[in-house]
Amino acid sequence: MTNKMEYNAPTEVKELEIISTYHLEEEAKKVVPKGGFDYMSGGSGKEWTLKRNDEAFFHKGICPRVLANVEFPETKTSILGQELSVPFIMAPISAHGLAHESKEAGTAKGIAEFGGSIMSISAYSGATFEEIDEGLNGNNRWFQIYMSKDETMNKNILDEAKKDGASAIILTADATLSGNRERDLSNKFVYPFGMPIVSRYLTGSGKNMSLNNIYAQSKQKIEPDDVRFIKDYSGLPVFVKGIQCPEDALLAIGAGADGVWVSNHGGRQLDHAPGSFETLESIAKAVAGKVPIVFDSGIRRGEHIFKALASGADIVAIGRPVLFGLALGGHKGVTSVFKYFENDLKRVMQLAGTQTIKDVKNTQLIDLK
Amino acid sequence: MTNKMEYNAPTEVKELEIISTYHLEEEAKKVVPKGGFDYMSGGSGKEWTLKRNDEAFFHKGICPRVLANVEFPETKTSILGQELSVPFIMAPISAHGLAHESKEAGTAKGIAEFGGSIMSISAYSGATFEEIDEGLNGNNRWFQIYMSKDETMNKNILDEAKKDGASAIILTADATLSGNRERDLSNKFVYPFGMPIVSRYLTGSGKNMSLNNIYAQSKQKIEPDDVRFIKDYSGLPVFVKGIQCPEDALLAIGAGADGVWVSNHGGRQLDHAPGSFETLESIAKAVAGKVPIVFDSGIRRGEHIFKALASGADIVAIGRPVLFGLALGGHKGVTSVFKYFENDLKRVMQLAGTQTIKDVKNTQLIDLK
Amino acid sequence: MTNKMEYNAPTEVKELEIISTYHLEEEAKKVVPKGGFDYMSGGSGKEWTLKRNDEAFFHKGICPRVLANVEFPETKTSILGQELSVPFIMAPISAHGLAHESKEAGTAKGIAEFGGSIMSISAYSGATFEEIDEGLNGNNRWFQIYMSKDETMNKNILDEAKKDGASAIILTADATLSGNRERDLSNKFVYPFGMPIVSRYLTGSGKNMSLNNIYAQSKQKIEPDDVRFIKDYSGLPVFVKGIQCPEDALLAIGAGADGVWVSNHGGRQLDHAPGSFETLESIAKAVAGKVPIVFDSGIRRGEHIFKALASGADIVAIGRPVLFGLALGGHKGVTSVFKYFENDLKRVMQLAGTQTIKDVKNTQLIDLK
Amino acid sequence: MTNKMEYNAPTEVKELEIISTYHLEEEAKKVVPKGGFDYMSGGSGKEWTLKRNDEAFFHKGICPRVLANVEFPETKTSILGQELSVPFIMAPISAHGLAHESKEAGTAKGIAEFGGSIMSISAYSGATFEEIDEGLNGNNRWFQIYMSKDETMNKNILDEAKKDGASAIILTADATLSGNRERDLSNKFVYPFGMPIVSRYLTGSGKNMSLNNIYAQSKQKIEPDDVRFIKDYSGLPVFVKGIQCPEDALLAIGAGADGVWVSNHGGRQLDHAPGSFETLESIAKAVAGKVPIVFDSGIRRGEHIFKALASGADIVAIGRPVLFGLALGGHKGVTSVFKYFENDLKRVMQLAGTQTIKDVKNTQLIDLK
């Protein structure tokens, strides 16, 4: 039980030699307090969707193309006119402080030192904008919003995010209440620290509150008008995050969304939902290039990034592995994780015979039995 | 071996904090005597159909719909003009006394205190109508019949059920003899107490009798005329329980059944039968709304209820999880189980973007690979 | 290693209470010497086909039919004009002496005492015709032949089988040499006793010979002419055993076979062959009722018999489970196994709503995902 | 860690009794130093493709044909006009010295003593041409090339291979950089000895170098022109190895390749690639007999050889099992492995009713569910 007990987050700062992000998870489990680790790594219900997020990638195979004349593949790309050195960014995740004492500031610093990617700042951050800014040191950032039931508060938060320099807003639409997090229920998990960004609309700071409690205080009724409101009020591009079917993708685009964010919240919300990867192809077909697609939920390897891009994603977002890197090595661990993905993706691109991200996106995957 | 030994059923009465009904089963296993627990939780043969009942739900996925403007989903519905606060009721199960000393009276009381649902009273109840009535306290009830070979006795039982206030009769058609209950054979299981309702047509009270023995004394030849007889004699609506294919559904309707009850008896009768859920869609298509459909066999989560309704069921019936709740907390445990399902279903409805049961029923599930 | 050591076969004679034939196998493992048990229960290579024989039954489901007005199902049937009380017979298996000191005579006696079935006598029997006759006590019998390379010896063996009263000859065509029995190789298994029927054409009696050695001395080149020869010479009906595809079924029929015996030798010959059950439907379609079909390889339950009959078999043959019964209870154990299958089949027939074997054969199974 | 420590390769020379090549692997694990064993037996990433190479064979079944009049099947065949006693040859594998002190010379000697097959000499051999020649004793050999970035060096190597008597060149096209060998990373594996053939273009001899390092010094940009260059310069037939899709097969043929070598490098390069066997049929269809096809990646049994030939391969190449035989028995172990495959294939051919390799190639496999 983490309940109201002191929470001792890891503090080490070091570069990591990464064999795989699965090993990273095993190592992180050894240093992160159980309540925090289970919160980070767990899913909802039976965790079927969590596992399926990983397994669904094996519905498709990558054919090695061996006469493609490829050398030193290029991973640079762009989204919404923003240049990226790699086709992956940080997913918005709450409460990085569970992983490391440096909280979101550590993650931000690690990403900034890697360079060429984007930090997504969660509304449920445990660090303040100011703390994160120090880590980011001018690096590009997007802001993820959980809306309040009170429109004024939403405006205040958007004002603050915009002032902080967010170049896009991510509206998380799939978490209007907490998924059935059985591990957290078993652990009687509550957040060991506050959430300064949304604390203005919480009764309480977030500290010692359960996930159920926090989500219940956010807005439940999310609809296309919310997309329009955020876009109009902030003047920033808006991604709708949590899209898992073509219908919602079209609704979002119809409401003015600048991007579709395919995700099932890392298997943490609706269990018995399909694996996120197996929803991507049909959504991409419906979107038909009208807006860019961000994909998350299950990215653990370069092969996953490759398959997501080949199935219609423009970039992917990475969540848990970054937190495990943060837990094990602070901001340097975060940079190590980003470098791992960059190297792994380049190797996959080389072996698959693809020189550029455009080549990857034009690759035909193989349906597996 | 439970054989002719004293049976010490649990006695505790308390509310339960339920993580999942699977955990509930593990906990119940610790407090219920082995013979009784194996009887309750076991299936027939290899228990393939028992496991398939759970696994078959994963043939379909639920797509989270995230822009649906849903808040505080409504679970109320009705069947045969009877109002329900939730789309689930108690399945008819024999011998609740194996789980708790309060027997069916405890279950009945728990359901009555939850309110808005229905108690199904099994002909193989270990409690008398009078005992159950005390628990039910006026709550709605249906009566499930195992027919005698002697028509007069059937009339007597129907008279009594009607007098007791049953608002429908459930004809169990799939248990004309005992399934191949290998666990019970290993345990040499016999019922540790009598069955007052059917004891009039048993040689013996039911006490110290094996399942094989008891079933063998019931009527084997069940046919459409039995449906007509019950309906005509009782004047009550009749459900035919145990339907697993469109042909039997149509036969039942042709014989005047007021409802089709899709079930494989919780995997306890014919092993190697399909999972109950995988039979539902084709049956619902054949029934085509002519009569309502009740579904059981495998309901353990809100997701299961959701999928059954989206596949054509009007309501579902829940069996074993209620008995496990009864074992762990008496009537209060039963109420806790009902509340668990209500909360879990509401969460799933919210995350799936469905405000009402009608919305759930109109949901298109996703075929999974 | 059983090699050249004294072999102590079980000797107990008793009726068995059978929970399942899988339990029977576990029990037999405890009393049969390892070399003998591995020989009996093992398959070839990875034992993939051995396992698939069991798993393939789950490609199809049995729908419980619940309004079928069935009581006391009838299991009697006939094949080639020979009346049977049950649709299953003894499969031809070598070396029963590995299981029990009473050898094939024990099996024969157990079958005779059950009544209404058929004993298949293997050419690789460890008992003489005379010993088996004493057990059979006039019961119907078929003779299975492994042919010699020497036509005269084949004539002698057929003469002897005919004189012994065989009412049909089974030509095993799928074992022209030994399958890749890795367990036997590990155990350096050799037969601990001779094979009196075929010893006339072996160099050596069969005692202390490996399976490889014995098969190598039999005839390899099996073709349609062999079917014709046996039929013409013996004047008895001939089954061709080992058929796994429509082409071979038609070749056999073209050569005058009186019956097709679908089998993959219990997964003991060609590993990576399909499960026997999954080959049955297409063969039955090709045979189209021209001759009867016997099915074996994998029958362990009443559900298996039901599915085989519903897929085109006229009767099935049971092998290993009978040997396990023999090991545990001598001839009484054999009778217990036959009774188990009779009871289990009747239960399945009742629950599936089938009164007669004809009803079973007319049943449409359900394709499972 | 094998890093810079003395490496004690096995030294025993003896014939092997082989139960299966899977057992062989287990036994080899006991005698080969961990770093070397993991390098030999491991794959890349999650080792999904490595496992899939084995499992994919079960997508197809072999039907036993039992009336085919077969005896003493013939395994002789030819490729590019070169006669073979068996349809399998040695796959090109680097660093045999990890398995046995006799290095490639031991393998070569074992193959020569078996006779009628082909030794593939890897450019990453730990032995010199001269050492291998002594073992080969005139036996047929092919040479596998990893190209240098420097054309002159490639010419030198080809000159030397040709002078050594290579009758074909194998261009490995799927290993332009190292796969993600997680086991090697964990072990910090480096080669414990040099690579005399390619050392001319390495910085360092190969000794104490990691796989990453060695591959990085080879040529990455492989394209059809390289096929033309090798063919023109050497005047020898060229196989392009690593083909996994019809497109690359056609590119290779278009560039003048004399044969297509279907392989995924034993699951060591691009993980998440399909199993090699599941790519074969479509490639063979595209090749349409224009050039011969060699297949590797996953051959462990006679059944695998049979299925590969029946799916379009002309011959197969065997890798790891030979190394395991080398580890356990030196050159005699290698001969034992070749004899094992010959015997196992003959048994499969007999049981499948095929007299010749042509019959095998004309066999229709069965699609399995």
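We just call them A, B, C and D in the order they show up, numbering each chain from 1.
We take it that a contact is a pair of C-beta atoms (placed from the backbone, for glycine too) under 8 Å apart; a residue touches a chain by one contact, two chains touch by 3 or more.
The structure displayed is predicted, hence computed values, not measured ones.
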Handout entry: For chain A placed onto chain D, the superposition rotation in degrees, Cα atoms, nearest 5
Key = 90
Problem - Self-contact between copies chain A and chain B, residue sets same or different by half - result: different
Problem - Chain centre separation (chain C, chain D; CA means) in Å - result: 42
Exercise for the section: Would you mind pulling out the distance in Å between where the CA atoms of chain A average out and where those of chain C do? Expected result: 60
Fill in the blank from the handout: Touching at least 2 other chains, the residues of chain B are none
Handout entry: Interchain pairs in contact, sorted by label
Key = A-B, A-D, B-C, C-D
Handout entry: Complex contacts: residues of chain A adjacent to chain D
Key = 17, 19-20, 22-23, 57-58, 61-72, 301-303, 307, 344, 347-348, 350-352, 366, 368-369
Handout entry: Touching residues (chain side chain D, partner chain A) in the complex
Key = 45-46, 48, 59, 173-174, 176-180, 182, 185-186, 220-224, 227, 240, 242-245, 247-248, 251-252, 255, 264, 269-274, 278-279
